[in-house]
Every structure is written in structure tokens, then in C-alpha cells.
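Following are the structures in question.
Here subunit A shows up in two complexes: once beside subunit B, once beside subunit C.
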Partner chain A sequence: MLKKSSFILTFVVSLAILAGSALAAPPIKIGGLFAVTGPASFLGEPERNTAQMVVNEINAAGGVKGRKLELIAYDTQGDATKAVQAANRLIKEDKVVAIIGPSTTGDTMAVIPVVEKAKIPMISCAAGSKITEPVKKWIFKTAQNDGLAVARIYGDLKRKNISKVAILTVSDGFGSSGREQLKAQARAYGIQIVSDDTYGPKDTDMTAQLTKIKGSGAQAVICWGTNPGPAVVSRNAKQLGLKLPLYMSHGVSSKKFIGLAGDAAEGILLPSGRVIVADLLSNSDRQKKSLLAFVKDYQKHYKAEGDHFGGHAWDAIMLLKGAIERGGDNPAAIRDQLERTRGFAGIGGVFSYSPSDHAGLTKDAFVLVEIRKQDFALVK
Partner chain B sequence: MTKSRSFLKHEMVKFILFTILILFLPLAFKGGYLLNVFVFVGIHTLLAVALNLLLGYAGQISLGHAAFFGLGAYASGILTATHGQNPWLAMAVVAAAVGTLAFIIGFPILKLKGHYLAMATLGFGIIVYIAFNEAVELTGGPSGFSGIPNLSLGGVSFDTDFKNYYLIWGMTLVTILLSLNLVNSRIGRGLRAIHDSEVAARVMGVNVRFLKVQIFALSAVISSIAGSLYAHTMTFVSPTSFGFNFSVELVTMVIIGGLGSIYGSFLGAALLTLLPEILRAFQDYDIVVYGLLLIFMTMFMPGGLVRGIPALVGRIVMRSGAGSKADA
Partner chain C sequence: MHIGQQIAQYLLSGLSTGAIYALIGVGFAIIHNATGIINFAQGEFVMLGGMFTVFFLTVLNLPLLVSVILAIAAATIVGVAFERLAIRPMKNASPISLVIITIGGSILIRGIAMLVWGKDTHAIETFSGNEPIQLGEATILPQHLWIFAVTTVVIICSKLYFNYTISGKAMRACAYNSRAAGLVGIDVRRMVLFSFAISSAMGSMAGIIIAPLTMTSYDVGVMLGLKGFCAAIIGGMSSGLGTVFGGVILGILESLGAGIFSSGYKDAIAFIILLIILFIRPQGLFAKGDTERV
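Presenting the complex of A and B:
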């Protein structure tokens, strides 16, 4: 409730600011599509909150080239039909110049035909690699591809001379994408998958899979899922006395995972965006300034820890702001300027778009972190 | 005889008026996004009419109708996008296949009554939903299936909301006409007899078991066609559109609109599709308002919108009439 009321407060304040500047130039309208309710609300809510927060801040600081931004955000409920209706409304009724979101890969793929036909630039906050492969003229994205996280883990395994791994993935969209990437990249790193198991998103015991892994001759275990499954895996592994190094995915890179796994989290390694280790980064890190600003602001406005999901929306708005500053508020100009973005240090990584790359990140977008004493620590 | 003929005439006049309304409705939207919303109203009306035949007339509940809708959409999508088949042919083949499937599962399932029938259809819906998610190679899994072509006819591609509006409403109007015909025939009377009492219907010589399965299969065929149209309009499908929630939404459309009324299905589908758009003004509280509205409608219009609105209008007219008399 506190979050809701503070949201309303910022809304009222921003309305008041808008009313005060009613005589100035009309605001630049930006559309937002977020899965604020429904099963993907853990993505949509922080994204919507962050986008509104950033827009308010930009306006408080004088807007973009003297014009205010106006965010018109609709809830897709994680449903393709509703996402398409909302996208149509943004384009035809609200006449936005660009769209941020949607939150999930499914919603994004659903609205792409509508957005491409209307020739409106869109920056998706979803991770699926098929959003930007093959490259679509009007579509960009800010969330890191799952493949980059796999590359981080495999790089570390190679450094430690580990070649036999067991993979344990959740049977949903996130898990199946991870499993695909883990299998596809294994050869390139000289890694052999000796055990390949899955678990259901609502399973509460993974002892059977882990017992099988124990006898498989694996030298490390990689688990791919979002909360709470991986916490169960960590606790079961500890109970079974499994002494192998345990890797998790970026799907659990928040303090919530440590809370769920408790003592069993100790020593777990995972690739993550830099946001959870913002204050540990060296001062030479290009993203540090953006990260610290985001974390501090989110804490102030919503009394909660800013996570990398909100970060996707932060990056999207900032990328748009840069494009509008350079090329004006015409959708075609925004698209062209987005494609020319080079070296923008945001929350998800350092973005460099090009005509052949609308995802814009390299595997440096992820750092490897280890859980030590109930906190995240950077692995050098 | 004369009575039933005048009744049919009355039905025809209603249908023609409704058709004229639908034909000229786009003029009111001026190419805005509401045209797009009404494309979906058309698809939802098709589904609600299909479910109403089963639920409103025959009195058999189904909490798995989103599955037939989804099977139509996915099968059409896969046949045309992956295998390059003709979309119209695919639509017909898929509808026949889904109808056959419904016919086969209808025999054991429709022996059940009430809550047990609800459970069985619910189970079927969930199985199909899981299949959409898990058969990744075929369906693309949770992140969906894209690249479905638009329908085309004689060189005209249905690639805009305007063209799709007339395509989908054309199909829907034909379905409405056929359904009106069906429910006013011997079969329709048989269905209503089953609704009131299966034993009495059997005594009157209605083949209860076979008729129930037939109407279940017909309902599935219409839902499958709606699914194919949806897939070709959206050019994308993903499992979330065909889950349990959507099955419940369909049942809500039929009940809010009016059980056993074809035009009620249109009202229910239009209301439930438009309401979220109107309620966006309430921001985060839209779901609360939505729920309250549904509660009030079922409390004060238990016969559905199709019976509740005329009653409400009648009451207002009477009251204002009484009021003006009092003034005089």
C-alpha cells in the first residue's frame, strides 16, 4: 500500500507540475506497455515504476530540449491479445512517438507486427533473443540475452578447467531458453553436459534430480530458474552434501534469493547485471554513476531495492531521451538516432546499437558474483 | 402456423437491423483504435455464440472452451507458417479435426453433469494449455509463435483493421444467422428440453446423449474457426491467450450477456472486450471497478444485459412518465 500511495503522490505532483507548465510547448508522448498484473508482474511493476520515476525526474530537470515528456503506460497483463489492443491504442489514439516495453518476450513478439506497420520505434524490456534476431527495423531491446549469461558461466568453468557439468532447468519460458543456450554453447567452451534435467516451476523438492546428478560424474551444477525453485535446489544440495560448485542464472540476482535460500546460498556463483553490486564496483567502471543514481532514486521513491528489471525500463527511457535530444521527436528520426547510439553506459550494460545489432550488449554486461556472508561479492 | 411465421419475420427484422448496425459501425470510429477493439469484439462474439449454444441452450457448462479456440489458432498458424498450406483450406481442415476431437471426447465427458462436467472440461483445457507451452519445437513454447500470414481472397490481403473488421464480422453474422435458425428449429427445442429436464426430454423422444455431443462438437468447430481468424489477424499466437482465465472470461461473457440469447452473446462479448479499455482511466484500480461492475450486473440483471437493459429502460420511461404527470 505504501508503494501505491507514493506512486499516487508522485503522480499528483507530476500532474501539478504539468498543469503549471500548460502554457509551454506540448509534451512529447511516450507509450509504455508493462505486464503490471498477471504472472509476469514481477517484471512489469518495477519497470512501470521506474519508467514513471525517470520521466518525472527528467521533467523536473527541465525536460528534453525544453519540452516535457509524458508517459502513457498501459497494463498488458502478460496477455498477447491485450498487448496488441494497448499498442493499437498508444499508436492510433494517444499518438505516441515511441514505445517502451512490453515486459515479456511473448507480448513483444505479438506487438511487433503492429508497431512495424505503424513505423514507431519500440524498445522492448524482454530478454528473448528472437526479438532482435533477425534485426527488425523499428525494434530495439535493453534486456540482456540469456546467451550472454551462459557465456559468463562457461568462461568461468573453462578458467577453472571444469569440463563436465550437470544442468537443471525450470520448465518454463526462462528455463527453456536457458537450456537451449547452455546446450548450444557447450561445444565452443569444450564443455560436456553429462546430465540434463528439468523441474516444474512449482516443485518443492529437487532431491531426485540432485541425487541423479551426484552419481553422474559432473564437476559442477548449473541451475536455471527464477525464484523460488533455485532456492529449493540450493537447500536440497546442501542436505545431500553435494560438494560441487553450484552456478545459478541471472534469474535470481536479487537479495530475495539469499533470503529464500538462507545458509545454503553461501558460495553459490551467478552471472548478474551490475545493479546488485553497484557500490562494490571500482570507480573506473563506466556504469557506476548510472547504477548508483538508479538504486538511490528507487529506494527513495518506492522504499524497495531497485532490481535489474526496473533497470531495463531506466535504460529504455534514457536511450530515448538521448535519441530525442540528438534528432528531435519525429518517430523516424528517433529510430535513426537510437541505431546510432554508441557506448551508452546504463543499468543493463554499455549499449552500442548498429544497423546489424539492435540488442546492443556484449557479455561484459554480466559480472560474475559469489554469495558470501549473505551478500553478493564480485568475483574477479 | 401464422404465429410461428410472424415470429420468424420478427427474428429476420432483428437480424437485418443488427447487420446494418455492424456494417456502418466503423464510420463512427474514423479509423481510430476502437476499430481494432471491435475486430476482437467480433472474434469474441463468435466464441460467445458458440459457448451459448452449449451453455445457454443445452445447459452444459464448459470451462475448457479456450482450448478449442487455441487449437484452431495454433493448428492454423503451424499449417500456414511452417508448412505453407493455403490458409482457407487449413481453417476448414483444422475446424473439422477439432470438431472430430470434440465429438470423441464429448461422449465420455458429457455423461457427467454439473460440477463434474465443469471439472472434466477444465481438465481438458489445462492439458491443451500445457501442450502449447511444452511442445516448444512445434508451438514455440511460452514465448509464442510468430510469422503467421494474413488471410487473402482474390488478391486482396486482409492486412488492415478495416478489412479484418468486415472479414470477421461477415463470418460472425453468418454464424449468428445459422445459430438463430438452429435454436428456432426442432433441434433448438430439443436442446431447451435437455436444459430443463433430461429425463423429460428423453421421454419426449429426444436422443439426449447424441444431441449433447453434437452441439458440443458444433460449438468446438465454431470456436476453432474463431481461433483461425484470430491467428491470421494477430499474425502471432502465444499460450497465455488460451489459458483457464480466458475460458472463464468466455463463460462470463455468455452469462453477463444473457443465457440462451444470441444477441446477448454479442452484448456480453462487446462489454467484456470494451470495459477494460474504458476502465483504463482508473489506472491501478481498474480491476476493482471491473469486478464491482460485474457483481452489480449479475445482482440487478440476473437475466443478463439482453433482458436487463430493456427492463431498465422500461422502468426509467415509466418513472419519467409518472414524474411528468405529477408535475402537470
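Presenting the complex of A and C:
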């Protein structure tokens, strides 16, 4: 009798221990690939910061279905070779269930074959449209395609009955992708590109290009680049007394640009994600809640304004969280659930993925803003 | 806007960028003439001038004039320290190893600037407003007048210094033959130190006066240094008018290339013409045969 009761006791105790260990289940590992240092650090640093911040918050609130998340992030330095090495490490050694990042299109394209082969879902934070066109089974992205920003600008030009534009793009990856999109979509909006010029990323004077544009009969100028080039372009345009409407890309949608261009920024129009105008949005805007939460959190943790780039990581983690909540922590299940995401209002826009669309956004992901009195204002 | 107006603007834009290249080029020439080496860290002094000014203006909230003076002083100290720590200890090193040392020095200075000041681009207020000035058919900014004025004053001062002062003449003596200069009692090492001090001060001055137009960041020195180097080469490594013409030719070629031909190839156009000049006149456009000018 004694033997039997001790047996039962042992059984119950071991059950209890098992249950206990199930409660403290191992964390769900998520990999991160961010270009924290190197030339693309302006992308990677806020992305890594945001990803860590969101993961900490999810864990503080009890994790996903009672299990904690663990972010294992590596620095790719914006170098495709390092990105591939880090991706292999995440998959083989760390055994992550999903990957966030990389930050740049180059890194992402290099990592895609590795991730596809290992059958691990990946949500890239880079903008290049070729990442999800054609659709790759395991690859998703959160950053808005350049093409959507072009569509925003062309839509506005069409509304104003402007048909002749001059484009001035920077001669790097961002600029040439923008230039391709600007040329490809022009016809659909009845727009004629009358002058097609470029400038170098380190150029300090663009008056020659702008003088040429002034003589080209263009009715508007579209400049495509990231700081500091566009600030030089705005200053030069003011110097030359160029009275044409000046459009910039979403590459300069931060207060930094206004600081650099100073007075010359006045009146410049640009497509932008909603982060920089979060507090100006109407309360009916579906993204407003997420946006304000993100901006406030980032300010609190890092003493800097949350930007679009951090937003891409915020969206990626939240999309993953949703997928894990619905489908569990198996990579294949996460992938299937990601693809079923509908109407998720994040930072970059309202995401709806489908088997034929792994970018998930429409041109509504961008709003058109104008710089007025050294601040951004929404253009209705 | 007809083609004549456009060309007027191209020429004026070219002239103003060319003046900047010239000022940077003169710094290259001075060190080259005193030591026989090309100081590839010259571009970094341009960067230091701009970045120190930003630092004094925005972090320490000093007035503009004080910031400018302090920035030139600080950059000069860096230049002197660079000579003492990296160039002077290399006794009997061949000029080519010294040139490589200056490349290393430029990477080090740039790296430190990145760590200390971060990777952001900074803007400085223009010295006298932003109202464009109409010159015939073309426009320039008041800041361009500052650039022309400073370049002119610096060139005149260096001319006077090298022709009419004892230390200037001593430096020229070192340039002709440093061994002979040593034998007649000129302290050659001190002259080399002087040349670094003068050229880093000049480089930083260039960096300061252009910062309101072009903005500044830790890595502006690379491209500007290269362009200044080209100006000095076209000018035959002269510390006077030759380099000024070299800079202006380069600036105008770039601007005409971008405006009339293709903006994508504007650097290529400028550098191809540089190569042609070097093929035809390897000693530079303005140098006379074998004689060296300081």
C-alpha cells in the first residue's frame, strides 16, 4: 500500500514539475538582421532599437500566449556577405523561427536564397520592390515600395494639370530605383519627363542641373535622394529663383531635412509615411493609435524622434506577434498566418498580405505633406 | 531662359565651386613644395574646419566670429600634431611612404570625427544672408562673395609671405634643395612644421566658408580633397595663380559638363580633361619646365 501511494505521489509531483516547466516554456527566438553600423546605419540603428523596444514591451506584458520572445540581432554592416553569414548563424545555430530585416535591399536580396532554402519566414525592412516582386514564398516586407511614393506625386501633379516634369535623381541605389519608377509610371499619369538629370551623393552644388531644368520648359521638379543632396538642391533652387513646384522623395521625410535646407525648404512637397505627421491625423485614421504609441515610446527610450525606419521594424515584430498568436511558433504556420494578415494598421500603412502580394500596402500608405513654417503640414 | 543666360549661370557656378577647389589646392601645393610629399589628409582639414565651427557654434553657443577663429586654431593644432606625430618621426622615409602615411592619417582623422560628432550632416547659417545677388543673367549668393574674397586674400597673403618674408623665403629654399637649405642654417624640420600649420589653417578656412553652402559632415573631406588635389595638379603645384586657374578650370568644366552634356558624366568629363592635360603637359598647365615655384 505504502509503495503504491508513494508511486502516486511521485507521479503527481512529477506531473506538477512538468506543468511548471511548461509554464516557463523556452522563449520563442526571433532573428534580427540590421545594418547597425556602416553607410546604412541610419536605417539599421533605429530598426534594431525599435525591435528590441517592442520585444521588451511584449515580454513585460506577458509575452505571446504566455511565452516570452527573444530577439537575437546581428549587425550586417550593410554588407551582403556579412548578412548571409549572419542569416546562416541565425538559422543553424540560434534556430530562430522567423527573421526580421535586413535593412537594405542589397542585403535582403543576398539573404533570400538562404532563408527560402531553410524555409524560415522573413520580413524585410528594406524598400526595394524586387524583394517581393515576384512573390517569394517565405519573404515579406514592411517598407513601402518606391513606386507607391511616385504614384502619390504623380497623382498630385495630375490633379494640378501639370504634365511636363523635370527629374533630378541621386546616382546611388535609392536614386536609380526612384528614377526607374518615375520613368515607368509617367505614361500612365499622362506625364512627360522633359529633363532627366542626376547628381552625385557627395555633390555640393547642383546649380548647373537646375539651370538646365529652368531652361527645359518643365512645370515641376521632382528630386529623388536622401540627405544632404536634396537640401543642397532646395538651396540652389532658391538661389536661382526657380519658381516651379519642387517635389522631394520620402527619402527626406524627417525634421533633419528642414534643419539642413532652412528657409529654402518652405513650400516643398513630398510623399511621406504618416509617422512625421502622426499628431495631425484625424482621429478616424486607423493608424493613428499605433503611430502615437510608437512615437511616444521611442522618445521615452531613446530620447529621439521615432522615424519611418524604426517603424518598419515595429510593423515587422507586430505582424510576427499576430501570426504567432494565431498559428503558434512553427515557421511554416507563422508563414501561413502572415500571408493571411488583413487590415493590420501599423506604422508604414495598413497591411493586407495575400498569396499574390507580400508587400501588403497601397499608395494610401503615403500622405502628401508640404513644408510650411519649418514644419510638416498635411496636404488634403 | 535662352542658352546664353544658361551659360552665364554655368560659368558663374563653375567659378564659385572652382574658387573652393583652388583654396583647397593651394594647401596641397604648400606642403608639396616644402616637403615633396602630397598630403592626402588635406581634405580632412577642410572637414575639421567646418565641423569645429559647427561644434563651437551649436554646442558651446559661441558667436560666429569667435567660432571661426577657434575652429581655424583647432584645425591648425591638429595639423601641427599630425606633422609631429606622424611625419617627423619618419626620418629618412621616402616621399612615397610619407604619402601613404598621410592617407592613413586621413582615415584616422575621419574615423575620430565620426565617433566624436556622429554621422549626421550639419548646416551653418550663411555669414550674410540668403538673398541671391543678380549678376547680369546669373545669380550667386552673398556667401559666394565671401568665398571669392577669402580666396583672393589668401592667395595674395601667401604670395607676399613667400616672396617678402624671411621664413617664406626659407621655405622656398627648402623646396629647391632642402639639403643645401640645411647647410646655410635653415631649420628644415621647422619649415616642414610651418608648412603643415599654414596648409591646415588654409584648409580649415576653406571648410568654414563653404560649410554654409554645401553643409558639412565627417566625410566631406574625401571628395573636396580630391578636387583640390586636381586643381593643384592642373596648376602645376603652384601656391599662387596656377592653382587658382586650375581650380576654376575644373569648376567650370564640371558645371558646363553637367549643364550642356550630361549630369551623370560631369565628374567623368572633368577628370577626362584632367587626364588629357596631364598627358600633354605632365608638369601642369602653368609650370615652366623644370623650375619649381612655391
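The rule is short, and it goes like this: the second predicted complex is superposed on the first by the 357 of 380 C-alpha atoms of A that agree within 3 Å, B and C clash if a C-alpha of one lies under 4 Å from a C-alpha of the other, contacts with A are read in each partner's own complex, and residues count from 1 in each chain.
Definition applied: contacts are C-beta pairs under 8 Å (C-beta built on N, C-alpha and C of every residue); 3 or more make two chains touch, one makes a residue touch a chain.
Here the structure is a predicted model, which means the values were calculated and not measured.
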Inset, instruction - Return first, second, both or neither, reflecting whether A:D197 touches subunit B, subunit C, both chains, or no partner chain. - result: second
Inset, instruction - Look at A:N88 in the shared chain and tell me whether it touches subunit B only, subunit C only, both, or neither; answer first, second, both or neither. - result: first
Inset, instruction - Look at A:G128 in the shared chain and tell me whether it touches subunit B only, subunit C only, both, or neither; answer first, second, both or neither. - result: first
Inset, instruction - Name the contact category of A:G78: first (subunit B only), second (subunit C only), both, or neither. - result: first
Inset, instruction - Go through the superposed model and pick first if A:G62 touches only subunit B, second if only subunit C, both, or neither. - result: neither
Inset, instruction - Tell me which partner A:G267 touches in the superposition: subunit B (first), subunit C (second), both or neither. - result: neither
Inset, instruction - Could you say whether A:G173 touches subunit B, subunit C, both of them, or neither, answering first, second, both or neither? - result: first
Inset, instruction - Pick one for A:F42: touches subunit B only (first), subunit C only (second), both, or neither. - result: second
Legend entry - Set intersection of subunit A contacts, subunit C complex versus subunit B complex: 171
Inset, instruction - Using the touch definition up top, name the residues of subunit A that touch subunit B in the complex. - result: 4, 7, 36-38, 74-75, 78-82, 84-85, 88-89, 91-93, 104-107, 109-110, 112-113, 128, 130, 171-173, 176-177
Inset, instruction - Could you please specify the touching residues of subunit A with respect to subunit C in the complex? - result: 41-42, 168, 171, 197-200, 202, 204-205, 207-209, 211-212, 214-215, 227-228, 231-232, 235, 238-241, 256, 259-264
Legend entry - Touch list for subunit C against partner subunit A, complex: 1-3, 5-6, 9-10, 13-14, 16-17, 119-123, 125, 130, 132, 139-141, 210, 213-215, 217, 219-220, 222-224, 254-260, 263-264, 266-267
Legend entry - Residues of subunit B touching subunit A in the complex: 31-33, 36-37, 40, 133-134, 136, 141-144, 146, 161, 230, 234-241, 276-277, 280, 284, 286-287
